[in-house]
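Structures follow.
Common to both upcoming complexes is subunit A, partnered first by subunit B, then by subunit C.
Take a look at the complex of A and B:
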């Protein structure tokens, strides 16, 4: 396994695309958070714009993850689908014939890269939120503490957001392994992430709640909530657990397909 | 090198309705270059993929020194293979392509530079492989196959895309491998290359072995190897152009 891990790591680090996508993921995540924070205006009176009551500054500052995850997903999808384009998967499997070992080595590496990408991205979001949210009406002057990871729920939200990106990478790797084509796989991952939240908006009552409880993005992002947790469709860690189940499930389907198919 | 032997026995495989391999059996012995020829679609590439554990089979066995490929640890130290020279990530340099394979077989980095030198990749090794000509890709693929200094080599159409100089180099290279006691299986549709390179020829058609003999045995009673080949495969081609059309069934 250690040889396979090292080989897959060498593969990832020796193409420039890997590094560009990681830098891109951090940039997109932080820029989206900063942009949203800068354009938010909460008026305590509640007339126009968002109402000050019940805002969650931590969750708001981490909103860039909603967008940055797409770049992480593409990175993970490409890690496996690029091998199918020119048939390099046959060289890979000639070198590492145990298909479970090969996929496991890819999974460890790609999850590691997602965590390494997620840490600075999430830190950047919190710093942007700390600097910009007081201007938006979500600062100490309005009864909100400055964002700080000394605050337990904020630390959990930040740490959880990094884990979230790692799990998104594994989910994407599993889907890429099943579908092999980069464009098709990326489309399916993005659809799976972004369509259920939109669908939930169209529904009401228990259906909306159920979708939010089982969809990978809405359930997984529950980890970012720090206020009114009782009213969430799913609790933070249970939500991240739902995403972990999705990731594990897709990896297992990917492994089954990989083992059954001719390379 | 007693383990330097490929034993293929009774391979049977279907692609949908088509019987791709129909009880295929042959052996590649140490110290010989075995040419592997047959019409398009005869099952040459499929057989090679089966030997390397890439494709599954319904019946039969394909063994490397008595063991299935997928059971070998560091398989590329036992069998070097080149199936498709273009099977690489174009934005990675040739040297880095060799490097990840070396890591997968727990081979030292020094080996990467040795094989790059061996195939004459030179300074091009540091360039992106996507910019290589087909001939250069063949050399890179052969470098990858030689990384583990394997006693067995399997190459699918290695002469493809090579310039005359490359073809001459490749001929000498393959003969050298056999002279060192290695077992070499080479598919080629360039029949003219075979008498100069191969000791032994396995001719297949429609997934069956049509002939398994030395070059001398095959050409005895025929004007040339081409002539012998056309006679052997006349009943086993999917399509043959020109006046031979009537022979198709």
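Take a look at the complex of A and C:
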């Protein structure tokens, strides 16, 4: 297993795009969060528009993860689909004939990379939020505490967001293994992530809630909520659990497909 | 002979086009994907429309709530209109004139909580800008009837308005006892002429209105109404008239029309959609009449609570967009992946021509997907929404055609842009990432992900400067300069006019294609 891990690690770190995508993921995440924080103007108690009541500064400052996850997902999709494109997969499977070990090694590596990418990205988001949100009307002057990971729910949101990115990477790896083509896999991953929230916006009543409970992105991002947790469609850790189930399920399907078909 | 060169050159592009089309149609996965994309537009339109229900309550008591929509009148031109006002009128047979002086126009605004039914118990004084009172001629007191009226307004001066959408300014300034306004309407056949005067002697013609098929006997009289403020508060207007005279030509010049004044509250039933403040009334004292009314005579806007034919189309189109982004990317990147691109360039050395041929093929296919799907989905969605009790704003066939063409163009321009991005990046996953992030995410970051937490301004800008502007082509909600209403994203209005929005998306596609062409020529395949 350690040989398999090292082999996968060598491949992953020497693919030209990997480091660029990681840097890109951090940059995009922090930039999106900072941009949203800078353009937000919450009027204290005002009616209409964004009112001060019920704002969640932690969730708002982590909003860049919504965007950054797309880069992480593509990184993970490429880790497996590139091998099919270049025919490398045959060499890989000749070296590591046990499909489970090969996929497991890939999963460990790609999840590790996603966590390593996620940690500075989330830290950057929180720093940006701490600096910018008081200007937006979400600071101590308006009854909101400065963002700090000493605050339990904020720590959970930050830690959970990093885990979220790791799980997104595993989900994407599973989908990439099933579909083999980078374009088709990336399209399916991004569609699976971004379409359900839009659909939920357009529906009303119980359907909206059910979609938010089972869709990987809306369920998983419940981990970012620090206020009004009772009114969430799904509780933070249960939501992350739903995403973990998606990731595990897709990896299992990937493994089954990998075992069943010829490379 | 130069003509020997010419056909081969045009044949060159046609040849490239033919070979690209052959490449496209023989990949079974792409053809299936394209058909699936169109089917998904229709399927999701149905699902979305099926989830949209409307109901309303006529009193705060929940037992008064019913499913279905409130009544929105339809004007003579087939548009949705507001037609709620107080009319104090007589019957006039044949040609004639009504003249009156309006000496005051005052109003009240509901000051209670927004979620309570407005009543006169909690108001503050104030006159909304489009409060209206003056003289009106109409063949019928049925809502949505044709009319012509000359009126004083809250802050738009004297206006001549007819048939809900036509408007011409008269004397400026607001009404007071020191600055009264004289108003006059003259009927001659089907033509109604409106005039105004500040002293009753020097009259100025404002404009004439032509009301088709006006019957011989019409209602002529005084009216007052007052629309909701732009914040949505109901209002009431009270106008005082004197020197009132109705001269009938049939009875001989200078002869007043016979009969007593008769007051009618138009559009005040519980099922009418317009939010009113109090009931209309009139009071007659010797030579003066005071009329009080609430409502509006104007085009209906989104506050009428209706949906549009394209409302259930959005999600399905986004799904189709993602499918076409994948196919548009693969149309070029799979050639790099399989090194087919070298064969392609060997066959057609002009690389710009190859790119153009690819753009035409993928753009044409994508347009067909969007347009055909929209043409099927729009009537389907409209039917389902109506069956669910929703009010659908009427749209003429030309406007619906614009939405269908717009849906096709939206998908086509996105596919062409992604083809350009794929050509530049040569890698499918990266191109799809850029395609989805740039062309799909802005569409629902506005109302969707960041909408609830960010101010409406940010969403507004997303739909102005990002490719999401292309969705302006779906905009069907009526808007009018005669109604002060916040035409914002939050209320369902796109910030750009339809074609301007498509132009923004087109600029992105053109830029991507241009960059692709430059890169393609410079580097080795």
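Here is the rule we use: the second predicted complex is superposed on the first by the 260 of 263 C-alpha atoms of A that agree within 3 Å, B and C clash if a C-alpha of one lies under 4 Å from a C-alpha of the other, contacts with A are read in each partner's own complex, and residues count from 1 in each chain.
Everything below uses one rule, namely that contacts are C-beta pairs under 8 Å (C-beta built on N, C-alpha and C of every residue); 3 or more make two chains touch, one makes a residue touch a chain.
Treat the numbers as computed from the prediction; the structure is a model and nothing was measured.
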{"item": "First, second, both or neither for A:17, with subunit B first and subunit C second", "value": "both"}
{"item": "Contacts of A:241 with subunit B and subunit C, given as first, second, both or neither", "value": "neither"}
{"item": "Subunit C versus subunit B, contacts on subunit A by residue", "value": "C"}
{"item": "First (subunit B), second (subunit C), both or neither touched by A:6", "value": "first"}
{"item": "First, second, both or neither for A:112, with subunit B first and subunit C second", "value": "neither"}
{"item": "First (subunit B), second (subunit C), both or neither touched by A:198", "value": "second"}
{"item": "Partner chain in contact with A:91 - subunit B first, subunit C second, else both or neither", "value": "first"}
{"item": "Subunit B versus subunit C as contact partner of A:153, first or second or both or neither", "value": "neither"}
{"item": "Footprint overlap on subunit A, comparing subunit B with subunit C", "value": "17"}
{"item": "Residues of subunit A touching subunit B in the complex", "value": "3-4, 6-8, 10-11, 14-17, 82-83, 86-88, 90-91, 93-98, 262-263"}
{"item": "Residues of subunit B that touch subunit A when the two form their complex", "value": "49, 52-56, 69-70, 72, 74-76, 81, 83-84, 86-93, 96, 99-101, 103-106, 144"}
{"item": "Interfacial residue positions of subunit A with respect to subunit C in the complex", "value": "17, 36, 39-42, 47-50, 55-56, 59-60, 63, 66-67, 70-71, 74, 77-78, 81, 85, 181-187, 190-191, 194-195, 197-199, 201-205, 207"}
{"item": "Contact footprint of subunit A on subunit C as seen in their complex", "value": "29, 44, 48, 51-53, 114, 231, 314-315, 318-319, 322-323, 325-326, 329-330, 333-334, 337, 427-433, 436-437, 440-441, 443-445, 447-458, 490"}
